[in-house]
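Chain lettering (A, B and C) follows the sequence in which the chains are written, and residue indices restart at 1 in each chain.
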Amino acid sequence: MKRRPVRYVWIPVIIALLAVPAGFLYVDWSKSGAGDGLYSRKWSPESVFAYWNPKAFYTSVETVSGVFGGPQCVNCHQAVTPGIVRDWQASRHAQPADRGPVYCSACHGNNHENLHLPTPEVCGSCHAARHAEFEDEKRFGFPSHALAMERAQDAPHFVDKPKAEVSACLQCHSVATKCDSCHTRHRFSAAEARRPEACITCHSGPPHPDDETYFASAHGRIYLAEGDSWDWSRPLVKGNYRAPTCAYCHMSGGRHQVADKSMWKFGIKQINPLTSNNAVKRKQWVVLCSDCHAADWSRDRLAELDAERKQAWEKLYAAEAVLKGLRKDGLLSPAAGERPPYPNDWLDTLWPRARIGFFEGQASAFYNVSPIERDYFEMWYFDNLGAYKGAAHGDSGAVSQGHAAMDNALKAITHQAARLRSAGEEEQGETAASAELWRSGEYTDFNREHN
Amino acid sequence: MKRRPVRYVWIPVIIALLAVPAGFLYVDWSKSGAGDGLYSRKWSPESVFAYWNPKAFYTSVETVSGVFGGPQCVNCHQAVTPGIVRDWQASRHAQPADRGPVYCSACHGNNHENLHLPTPEVCGSCHAARHAEFEDEKRFGFPSHALAMERAQDAPHFVDKPKAEVSACLQCHSVATKCDSCHTRHRFSAAEARRPEACITCHSGPPHPDDETYFASAHGRIYLAEGDSWDWSRPLVKGNYRAPTCAYCHMSGGRHQVADKSMWKFGIKQINPLTSNNAVKRKQWVVLCSDCHAADWSRDRLAELDAERKQAWEKLYAAEAVLKGLRKDGLLSPAAGERPPYPNDWLDTLWPRARIGFFEGQASAFYNVSPIERDYFEMWYFDNLGAYKGAAHGDSGAVSQGHAAMDNALKAITHQAARLRSAGEEEQGETAASAELWRSGEYTDFNREHN
Amino acid sequence: MKRRPVRYVWIPVIIALLAVPAGFLYVDWSKSGAGDGLYSRKWSPESVFAYWNPKAFYTSVETVSGVFGGPQCVNCHQAVTPGIVRDWQASRHAQPADRGPVYCSACHGNNHENLHLPTPEVCGSCHAARHAEFEDEKRFGFPSHALAMERAQDAPHFVDKPKAEVSACLQCHSVATKCDSCHTRHRFSAAEARRPEACITCHSGPPHPDDETYFASAHGRIYLAEGDSWDWSRPLVKGNYRAPTCAYCHMSGGRHQVADKSMWKFGIKQINPLTSNNAVKRKQWVVLCSDCHAADWSRDRLAELDAERKQAWEKLYAAEAVLKGLRKDGLLSPAAGERPPYPNDWLDTLWPRARIGFFEGQASAFYNVSPIERDYFEMWYFDNLGAYKGAAHGDSGAVSQGHAAMDNALKAITHQAARLRSAGEEEQGETAASAELWRSGEYTDFNREHN
């Protein structure tokens, strides 16, 4: 009798030994289609993608042929595109004293029929430490700059949504595939990348109003008033800047690793702020804030952020509970079975289920859903994340606005749920009509045909 | 038998010969009232309008009389309004070496009892080429700077809306009637007008977030970080600026004609991007973008904008179809016959009809309508135009937001239409009450009385 | 018979003689609890409050002890917090020629175990005139910088709302309790405080988009384009600045009294713009505007603002009338009696009544109310105040947006009221469910427990 548990132990082991390689094989097969990402057999990116994944897509201009040396590149492009030549001339790459000149050909190749755009690896061939720091972010999981492109493209909704819209997402997620997201070409200035403007091309607007919340903070206001007169050639260390910028706090000392102090995971899911892992990160924050503030004060601010997060999740879970009640009673319309399954998602086809909340995967399930589920998505993705960014960056206005918006969303969701519960016969028409729109409308047939 | 068609040909010819002059006579009569615009017999502008139409409205200050020479103006105003004197002193107008000084009196007259504010014609008396370029925009139809004031004032809703609100519109539309919208008085600096700030007093906020979308683009971020250190005295040509500004692209070389490359008509109506006319404009854009970018890349960006527009219109037409279905079934409430006709619109009085979509004239019909029609107006005018500006200026966030907002609006419109269809007896009360508000409320009786 | 009225006169006199001191005693008792504000027996602030009320809350750092002279402070802090030392060194406080150096100890004390943060009184011990001007604002009632903290903390909703949210309010309201809201520590530069950035840490976002409306005005655009090159060491008087800033108009000449020209009371209640008191203020505005503009023009702009306000209140009163009708007919749900009374508000416990509109106290009654009351609150507090700020600062876009938002809110409120009126039996479920949420949800039990 004692040996039976031991024998049973082999069952999951054998399943794992078969399932894990099978999973890898499946993902490998799935990514090897004509398109790109995990759904490469159903989705291919737009042509603009070439500039976001230079290695795989770039097709050279055919009007010029020949092999050219660096000075020749400069000579010709001074007439064709003088702006970028001036940028290069003003860069460290053009200074002989600074191990230069690093000519165009060093990064783009010298055969004009076979030029390429530089990937992070190309930049890393000289800037090895920075590239290693950047790659190191992958250890911390998503959200992460280094994983930004891959994880975005693997999202199921890429297949179902209009290409123009998901391309808009990829524009920023291309931070993973090229260095000129932060260091604008062809000056590639460190001084420039130390300023908030380097970050806010992407870090602005819902769902991540980093721009707005930083500029509305006391830090940001000082930067706005005086930043133009600061000496941006100085490193990002204690005493060099009157107020911190994005990079000062998130890349202190210029380290190209943004994720190592990250505790709250962008506000997208509830985290336990008191794990030993987070205790270490918390200490790192207190050390950083102590460049200017008292340590106790800094600890208090972090605790306040924890409190804000807790309150946000109370609101979000209250809304989730309302939705789960509706799901249980079959009141979501269109119900999971009435809308198209996710591509390649066998489980969703066999057992359609409404995903409610982040852990069930609602992050990817915000189209083809019932109106009330969409309302929750907005509450979670826009109102909640806006409040988080406000709390993290010291913009009390954004905290108030985000929480007021969550309160209103909770009010609307509760209101709407009560109406769905009390709806009599005459609402069935609405249900049917509304289901029809989402079942076969733009967001499924059309997009799948054109993706 | 063969000759009968020929005889009938005269019927439309005769009608046209009578109707066209009658139309002109009617418009002429209509504009000759005590007020202003096409509805001058029913609407007159507020006093602030004097500053927007200096020629017609200006009444001089009466506290000073006499005829003064330029140096006298300067002498006295140095004490009264020193700021504007300093601005003039810093301007080219004050430099003798530069064909100056052009004194106050050159633009304002010298009789203090009969001064005037300069119209574009006054500025054009020296700056003839610039003025001619500006006037040339009229050829391209609305939207256009040179037609901005006239077309705004001719809109029927000017009569029906509170004066404080339509005055807010005219503030920007006065770009047609005076040059200091872009060149702030009394410095009138070209360098200043080359900066985006010259444009964004007007080009910001819904429905035309040019400001927000430009500053959120990679171009705008570079400007924000570095623009203050650029040499703005340089002309707007290739190689002079690290990143383009509004004027660099839309007034390249400083040409005061903004409309000639305009293809998408502000996003307000669907256009065919492939006409031969648009092919010419497309080429002009590619030439311009090639100042810095590869030509192929530029072509791709324009194609992407076409795609975004197509998807936007699919959403808008889906919403229009829902509304037209309701109209057909008499479910719009208040219906067209239950709300006041447009002023001077005989056809609307005789045959009241709900205007749905741009081509039926909904642009002017967004008040005194049923709630669902207003929802469509918002979707079209704010969400759609925001997405367009984002796509045109390279702000991917605004594209996402605009399309998400359109999706939500489509959801709400479909939802609401289903409810209207399924509504039983108990909704009739709502219909009546809601109709009452719009039939005789603030937006009609009150405004017509006070306009 | 004639003497009876005389005898009755004593009744209110006696009541007043008893009630007024009783009221003072009650307020005194109420404020003497363990927490803070009028509800100090039910509410205590978060730890961050120490920095907003330095006198009452500050606890010194314990790691260093001893009494130090100014140079010693500087010496040590140059290593610990070099940034703030540099700021002090660049300040007038560090210049011997300027009656300095005013060392750290002058403001913070010299016993490191018993340091303190400077209150306005500490700053006022040298800057007596500025401090007196600041205190003088109290005469004008709320809104006022000097009363900002006290009045905020006395609001009943502080007890009922999550602490993280009301703390967000206090961050700005701490302008009453410390001078570094405008003069950032430790440079305390007048030049810095003359720039709009000094104000907009607080004066931005709903409900007071001063930031957005100023920057969108012609004044703001000129500042944005050129402000960095202006000489900010010059006083805020005629001729020194090309365009006005917040301080130029609201603190002209540098006077630390912002309220004396205030007529429209932030837009939160309707005022009579034609009182003799307001005639005086209007004249002050015209004098100020005449630094650059014609007096007639300035008068017209003020009249236009009056007109905008009048139209806003017509809309708001229309919405209030709808709500009062529902209240009369018992159609608000949850009704006043179904939601928790305000803390310490005996009258509200004995005679629960829905407060509708500013004068009934709705400003503090925006939670635990029925959805339609909340909609009115949003219309009044966000849409209306946004329109006001736009009208006051010359941002015509914000006027349009605010009025369009008010129109939509009025539409939604009318619509929803009609539905409530026509609702049959099947809506009772909704009423009950919705009431349940607000009766015992997060906004009452939870917060009261944790406050």
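Before moving on, here are some points about what is shown:
Quick note on the criterion: contacts are C-beta pairs under 8 Å (C-beta built on N, C-alpha and C of every residue); 3 or more make two chains touch, one makes a residue touch a chain.
Fair warning: this is a prediction, and the values are worked out from it, not measured in the lab.
Taken as a contact graph, the chains are fully connected, with every chain touching every other chain.
Of all residue numbers used at the contact between subunit A and subunit B, under half are used by both chains, marking a mostly different-residue interface. With angles rounded to a multiple of 5, the C-alpha fit of subunit A against subunit C returns 120 degrees of rotation. We define each chain's centre as the mean of its Cα atoms; on that basis subunit A and subunit B are separated by 36 Å. Residue positions 228 of subunit C are each in touch with at least two other chains. On subunit C, the positions that touch subunit B within their shared complex are 216-218, 221-222, 224-226, 228-229, 238-239, 241-242, 290-292, 294-297, 300-301, 303-304, 307-308, 311, 314-315, 318, 390-391, 396-401, 403, 407-408, 410-412, 414-415, 417-419, 421-424. Residues of subunit C touching subunit A in their complex: 46-48, 51, 59, 61, 81-87, 162-165, 167-169, 171-172, 184, 187, 192, 195, 197-198, 200-201, 204-206, 228, 367, 371, 374, 378, 426-431, 433-434, 437, 441-442, 446.
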